[in-house]
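Below you'll find the structure, written out as structure tokens, and then a few comments.
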Amino acid sequence: MATKDQIRDFMASDFPQNKCLVESVGNQSATIRHKIGIDELRPGGTVSGPVMMAVADVALYVAILGEIGLVPLAVTTNLNINFLRKPSSEKDIIGKCKLIKIGRSLAVGEVTLFSEGNNEPVAHAVGTYSIPPKRDN
Amino acid sequence: MATKDQIRDFMASDFPQNKCLVESVGNQSATIRHKIGIDELRPGGTVSGPVMMAVADVALYVAILGEIGLVPLAVTTNLNINFLRKPSSEKDIIGKCKLIKIGRSLAVGEVTLFSEGNNEPVAHAVGTYSIPPKRDN
Amino acid sequence: MATKDQIRDFMASDFPQNKCLVESVGNQSATIRHKIGIDELRPGGTVSGPVMMAVADVALYVAILGEIGLVPLAVTTNLNINFLRKPSSEKDIIGKCKLIKIGRSLAVGEVTLFSEGNNEPVAHAVGTYSIPPKRDN
Amino acid sequence: MATKDQIRDFMASDFPQNKCLVESVGNQSATIRHKIGIDELRPGGTVSGPVMMAVADVALYVAILGEIGLVPLAVTTNLNINFLRKPSSEKDIIGKCKLIKIGRSLAVGEVTLFSEGNNEPVAHAVGTYSIPPKRDN
């Protein structure tokens, strides 16, 4: 397992371009925040789909690291995302992940995305990560 | 319908943060290129999942605009992506979209992603866009 | 909206080949049971994938009818299902659906499938139904 | 690898309830036929979603067996299906699978479903099978 601070440090050093902030992790869950500014918006005020996909992907990754520790080679094998409602252009995107299964080689979880402060999800995703085999040193 | 130049101009003005280049569009298809540099790489040399999701999403969008014209309010409703092989860290990502159905309100297409120069797909996606109703002025 | 008895009667008359039993419906949810016998098993004792897909599809349909009433022309547009664990060959399959969004033309929900009596899901699905426009007569 | 006759015999003995007929297999592909009769129809004349999901699932399985031989423990891990057009109530459903990747432990393929005689797909699916490790005896 890994703590929130350990994961935050790991993300900062290994994923410097990552703009998602880890809000909480543990108990087979994680909450991620992505600030929304001009770079994230399409004209007309929609948060871009790829930004929301990134939040879902990172939320899964963080929840998984919270369970199995800092495993950099865990990679996404499948992501399915449904876009439900137009997000606010003025609120951060919050991604809440709940893991559904952590197996020996695959982990599956779902992520619900919100515009902060609004209870109705803007998107919902289910993703699968592959977990590389452990190596004894 | 819209031509490649029209779509390129539209993307440049309406999606200034977009880093995908339209290589070709037409005949219910589109080819997109995304240059790969330090911003796109995870340590260890993998192209980040969200970059590949963005290429798939833009490839669908461009193929759809090629068929129905410049409709800015067409938005993704669903994307499902399978990551198949580790991409090269030194090659651009190429996304080739083929539309499967263009309906009155939904368009469905598939996108195969490659590291340029390698025939084996690095990812495969199927996505659905909703097309807003036409308005007569 | 429709009650459990109304939906049960509707399923019996309109879907006579359907083997799923409606256990409960309401509050944007539904629970479905599918008895498991020789017809549902692959040799080796696995419940067949298509049986589980059918349970997920019917659970969504029933939950949606519970909200919008008996609308026979509501049809599945997309289903994504992850198979997580091998189900028991001796227990009924239970499908629990929770709707995520009910829009004017699309409804999205998730379904978790269990072998009765075991808390760990055997499968998880997310599906979208299209809801035909209402007609005034 | 396995031939069409070997796969047909295997399906008949191991999956007696299966109603899909193997039309062709080989070259990382397979074609499957499902006859459509009263058992497959919903009132109003639509082929039921679960029947089409079953065709997609079997088409994938047969294509995979065609490549790796008769491996009964290969099982579906994920299936994503989009329903595109209303199928005919009077034509068989044809499923054409093309494998996208055959790895050591996962195989991914897509299946396009047609009402026989009509070129426009009624559904399109992408699925992943897990392939159990080989055992040496």
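Here the chain labels run A, B, C and D in written order, and each chain numbers its own residues starting at 1.
Convention: a residue touches a chain if its C-beta (ideal position, glycine included) is under 8 Å from a C-beta of that chain, and two chains touch if they have at least 3 such contacts.
Small disclaimer: the values here were computed from a predicted structure and weren't measured.
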- [ ] Using the touch definition from the top, list the chains contacting both chain A and chain B.
- [x] C, D
- [ ] Would you identify the chain whose Cα-based centre sits farthest away from the centre of chain D?
- [x] A
Task: Selected interface, C-D versus A-D, where C-beta contact pairs are more numerous - done: C-D
Open item on the list: Using Cα averages as centroids, what's the distance between chain A and chain C in whole Å?
Closed with: 28
Task: Where chain A and chain D are represented by their mean Cα positions, the distance between them in whole Å - done: 33
Task: Between chain D and chain C, distance of the C-alpha-averaged centres to the nearest whole Å - done: 22
Open item on the list: Touching at least two other chains at once: which residues of chain C meet that condition?
Closed with: 77-78, 80, 82, 128
Task: Touching residues on chain B, where the partner in the complex is chain D - done: 80, 82, 84-85, 100-101, 108, 110, 120-121, 124, 126, 128
Open item on the list: For the complex, give me every residue of chain C touching chain D.
Closed with: 14-15, 17, 39, 42-44, 46, 48-50, 53-54, 57, 72-73, 75-83, 86
- [ ] Note which residues of chain A are touching chain D in the complex, please.
- [x] 77-78, 80, 105-106, 128
